[in-house]
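Input: structures, listed below.
Shared between the two complexes below is chain A, which pairs with chain B and chain C, respectively.
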Partner chain A sequence: MKKRVSLLLALVMLATMFVGCADKKGEEGTSTSTSSSEGGSKTIALCTEDLETEFWVAAHKAIVDTLEEQGIKVIETNCQGDANKQLEQVKDVITQNVDGIIVIPKDGDTAVAVTKEANNADIPIVIFNRPPTSDEGANITVVCDNATVAEACVDYMVEEAEKKFDKTGEKLTPLIMVGDLGDPNAIARKEGFYAAIEKKPELFNKVIEVPTEWDAATALANLQSAVQANPDVDFLFTSSDFLFPTIQSVLEPLGKWVKVGEEGHVIMGGLDGDATAGELIDEGIIEGTGVQDVYNEADLAISGILDAIEAGETQPDEIREDPGFALTQGNLKEKRMDMWGNILREQ
Partner chain B sequence: MSALKSETYRQKKPAKQVIQRIFLSEYFILIMSLIYFVCVIPFAPRIISQSNLLNLLSNLWPLLVIAIGQTFVLLLGGIDLSQVSIIGVTSVIGTALMSNSFDPAIFEGTPLWGWLIHENGGPLAGSAASVPVSIFVMLIIGTLIGLFNGFFVARFKMPPFMVTLVTQMFLLSFAIYLTQSRNIMGLPESFSAFGTKSLGFIPYAAIFVVLIALGAHFILAKMVLGKWIYASGENEVASVVSGVPTKKVTLFCYAMSGFCAAAGSAIYSARLGMGRPTLGEDIMMDIVGAAIIGGTSLSGGKGKVMWTLFGVFFFTLLFNTLNLFNLSYFTINIVKGLVILAAAFLDVIRTKLMTRMSIVNGAGV
Partner chain C sequence: MIGNKSIKMVILRNIPIILFIAIFLIFGIFSPKFISVDSFKNILVSSSYVGIIAIGIMFVLLTGGIDLSIGSVMYLSAAVTGLSVQKLQVPTVLAIIIGLGIATLVGVINAFLIVILDILPFITTLGMMVFVKAVGLLMTKSESVKLPKVITSMGSQSVLGIPMPIIIFAIIILFGVLFLGKTKLGRQIYAVGNDVEEARKAGIHTKKVLFTCYVMSALFAGIGGIISVAQIGIVNAAFGKGEEFNAIAAAVLGGVSLAGGVGKVFPGVVLGAVMIQMIQAGLVFMQTDLYKQPLISAGIIFLAVFLDSIRSKYIAKAEKRNIRNENKGLQ
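On to the complex of A and B.
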């Protein structure tokens, strides 16, 4: 009986495989016929890494809403921070004959791996916000000029530091919360920070680097240790705004979470431009933040993928850059509503 | 009274008997998988496309080999939580050995710089034997870590959960420390081919995993060592009294688990084309879940390589179809959790039913 059952099951599996193989030709036929038979209706896959920060949530919503408004079917996946799973998910959406793929990659190296898969399948791919670590393969990379935006934000912080130095004559102790260094954005933000700091080295003690891995729990543990070891920290830059609540939980008990101009105030800035940062700037707790224009980046990604599909380009290769800007206490009145986080708050 | 019960069983309708037989069959999960597969076709026709089936299989091989290793430990009534970190640490070390280049700007600050890795790559960079030697080193390291776990469990009777949890935490941090959280790129083409290309129509990864699976099956089904493993998991005290070298058996099972995790790491790293310290960090539920769905018991003494294959097949199929249905990630996780719970529940029911039937048959036939 067991042998008969095994044989039967093996035959069923083999039959399935043959059906699958036989379907290959049909599959190839379908990929061209889908767009023609359905009068140009398109399917685009959006493969996200996670949706744990305001920036990713806003980006996800902007992309999905815009595509759906245009009558485009969106297939979504979320790898929850697992690079291997993201690769599997991209392979899965490729089997669904999507017309294009937009990926928010786990990191720059994963962007290279998923680009390779899309190129092999001749499907145009957009890498959103986290650029690939190598120029291997062809993709449309939508990215903010992170180094320049970070530098602009820290430049303002340095101006404030100089005022403090002139007043007290004491050097400031700077701290940077560094992102995952597998992510080129984190590296660029760190470079932007140092570029600004090094313009006025006479103002600062040695920089303290706190690794965060883009993870709130890791950031909390490392920041607590760093602040205990260096209680005189008075200049803090976070590579992402989503860490401000974490910073608050560390600084508040020490009496350092206070407004600009008050005793014990830490000069602070971040990068992203989310609603929390907008609120903190309005309250006068932080000096400023570098703003990535999430709506502009979503538009660049969507127009990029749709242009490639329309032109029949399967391996478009270009970089579309969001210039970004810094919103600070200095330019708050003029630029306040240019920041996506503030737009979200108003909504 | 027993004779009467036995008579009742004999008089059951054939259809009911067939269902009962299928339910109690060791092929139950495979049958369920195939029924599920067929039922899904009308709703997601793409499931039978060649590209999807190839995806399905390429996702199956690494998980299968890791779950086979876990099966050995589960057979003892233990668990190996460190497998996920063995994947990360072996991925980093193996790829560091074979990588052709390292960017000094990124890697200069890592503890590996200067003595193991340089601008021109790892110590095996450019060598024809770099890929097999690196994979061999990965397997050795995995085995040694497994032996370390096994030593503490066997020698000091420490709870496997605690020992392997500590090893997991240590190794994850160690892997991140080694590269300071950077991924290792610049791997030889032949290594990527190991994870993505085929020999004829059989993927290299499949050949690698099938060889290990056959070896594992041979050990469990044909060798005395296999009988010792089952006996140790069933009743350790009775096994010791019967002369089974339970300590050596425990050492072997944990070493096998580490070896298989390293084998899975080689495939995952090759597929991704990089070494990652956090590779495999989130797949513990998939590994244990697949083994349990296959029918391997968490309390030890029950399980087979074939069952694990069925469990992994079902698990991979389930995940694949949930993706094809475009369900949200939290729905997918909820479904996965429920399926594992259902599998564990079914296992209890089947075990009870089989025990009852064997009692009835034993008394009445």
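On to the complex of A and C.
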């Protein structure tokens, strides 16, 4: 009986593999056919870290769609948050003789390691959105200036805080939800926050820092503790927009999840520019968010890799910066549709 | 003299509770607001879902097995619940039942592979961790799933001033205590964990016991997922990631042996889950430097485990001595 069941299971698994391969073949076929008509026979590997936030999903879609529109064959890998696996996957795509590699690295160290592998194989490489921890090796780094974007968003929040201070004469209590301390983007966002706050120190009490480790459950528990210890928090910046529903869970029962101008409103801002933040700005719940322009970053990555391939450059070395911007209640009319989250919502 | 000895034994037996109270009071000294009913209530609410999944995985750990798939099960069951409401307009209660049904199904598959096909639990549940997550991502396309207000408001609702997550946690604790302590199947789990061969020779249907444990682990992960998402408000693709390790940590800190056969739901696992959350909350209350928080947290947990191991050795020694003395007395 056990043998029969095992055999049956093995057959089911084999069948699944065949179905999977058949699907892939179909996809690749489409890609290759376009390729011959427009983009020659280029193959680009896209090695993603994971697809667990709206930002990464949007970045992945933008890159894959644009490359395929240009008739370029795309080989995709996903390391599911495992740095070692990502390095192995990059080595693997190198053996498949790809023309270029775009990597969304697990972290800054992985960015350095994969750059080294690509350089050794003389294949141009783009590091997307997470900067390498050292300038060792040659790559095209596409990065958003997280510190500047965070500062721009918090600058607007500080303006609003100043208005409140002028009315009440009471200092505000700021809180920042800090991302994973191992992520350079999280650190840059924290620096941007402090840069803005420190421009008007007379408006604020001591800043309360809440660790989130980029995890909603951790963020929830720690924010609840922080708000309980400091019930007068009235200025809140989250280092990523994906935490807004979690913030709502904490503030709503306290009567603090209310619109701008209403009694009990907490001045709030975030960073990323996702659809949730777009909705909340439209509803008037939050002041604004710092926007990483995912489509611009995708364009910078694609043009970078294609230019290098065309020029026969195997080790291009440059930094391409997405300046980003802050979408706030103040510039909502002009900039609303520049935010990728709002574009996704419209779609 | 005898009185002193029994006081020592009472202290030894209750070291985890004493340590728990001591940590609570120490944080309270540094941050007086920490010692309040509301603060303790928040700690319990925040630890409720980890406590539930820790009780679930405890069943498996008691048999000497492991279940690495529970984080993914949390994600899948919460995502299925949300999608059932969002896309299929299924009534909320039915959606929750479907979500928990899916979790149970994963448990049945785990159990089938481990118990019937004799595949190692570590390999089976590791594979299921990846498979179940992949199924969830395929269904959601990595997009966030919003759950209906009925579920998300559950996170902040109270009955007689007691938050709903604590009530559900208490029901699960009660079930775990009664099941393991008062039912035949519960006691058989300890027997299987101590020695599966001996248990089989004693006439215990070991396969049934193991099957039950893996199914319960997955079901409790599903319940934990719903409780967690009721508080977080949204299921994103990272939901549940790494929760298996939090659950194992809570169970081990609560005195559950990874070798099987040893462990209690209360105070054991419950204390473990709440203590981890209490330490984290205390550090946030004190506004400890973010870089130092994990160091202090790990230090306290190490201390707790170390004291617990010393305590177990002393108790074992004292009990042996008592048996020898009783035997001498009989001679």
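Here is the rule we use: the second predicted complex is superposed on the first by the 307 of 347 C-alpha atoms of A that agree within 3 Å, B and C clash if a C-alpha of one lies under 4 Å from a C-alpha of the other, contacts with A are read in each partner's own complex, and residues count from 1 in each chain.
Basically, contacts are C-beta pairs under 8 Å (C-beta built on N, C-alpha and C of every residue); 3 or more make two chains touch, one makes a residue touch a chain.
Predicted, not measured: the structure shown is a model, and the values here were computed from it.
Colleague: Based on the superposed arrangement, let me know which partner A:Pro211 touches: chain B (first), chain C (second), both, or neither?
Modeller: both
Colleague: In the superposed arrangement, which partner chain does A:Asp317 touch: chain B (first), chain C (second), both, or neither?
Modeller: Once the two structures are laid over each other on A, A:Asp317 reaches no partner at all.
Colleague: In the overlay, answer first, second, both or neither for which of chain B and chain C A:Ala83 touches.
Modeller: A:Ala83 sits against chain B, while chain C stays out of touch.
Colleague: Answer with first, second, both or neither: which of chain B and chain C does A:Glu279 touch in the superposed model?
Modeller: The answer is neither, since A:Glu279 touches no partner chain.
Colleague: Can A:Thr133 be said to touch chain B (first), chain C (second), both, or neither?
Modeller: In the superposition, A:Thr133 contacts chain B only.
Colleague: Is A:Ile94 contacted by the first partner chain B, the second partner chain C, both or neither?
Modeller: So A:Ile94 only meets chain B here.
Colleague: Do chain B and chain C touch any of the same residues on chain A, and if so, which?
Modeller: Shared contact residues on chain A: 2, 5-6, 9, 80-81, 181, 211.
Colleague: Please output the residues of chain B touching chain A within their complex, sorted ascending.
Modeller: 25, 27, 30-31, 34, 37, 46, 48-53, 55, 58-59, 106, 180-183, 185, 268, 271-274, 276, 278-283, 320, 323-324, 326, 328-329
Colleague: Please output the residues of chain A touching chain B within their complex, sorted ascending.
Modeller: My answer: residues 2, 5-6, 9, 12-13, 16-17, 19-21, 23-24, 27, 75-85, 87-89, 91-92, 94-97, 107, 109-110, 112-113, 116, 133-134, 180-182, 211, 213.
Colleague: Which of the residues in chain A end up touching chain C in this complex?
Modeller: 2, 5-6, 9, 50-54, 56-57, 80-81, 178, 181, 206, 208-211, 214-218, 220-222, 224-226, 228-229, 242, 245-246, 248-249, 252-253, 276
Colleague: Where on chain C does chain A make contact in their complex?
Modeller: Spelled out, the residues of chain C in touch with chain A are 31, 33-34, 38-39, 42-43, 45-47, 49, 116-118, 130, 133, 137, 141-144, 146, 152, 155-156, 228, 231-234, 236-239, 241-243, 277, 280-281, 284-285, 287, 290-291, 293.
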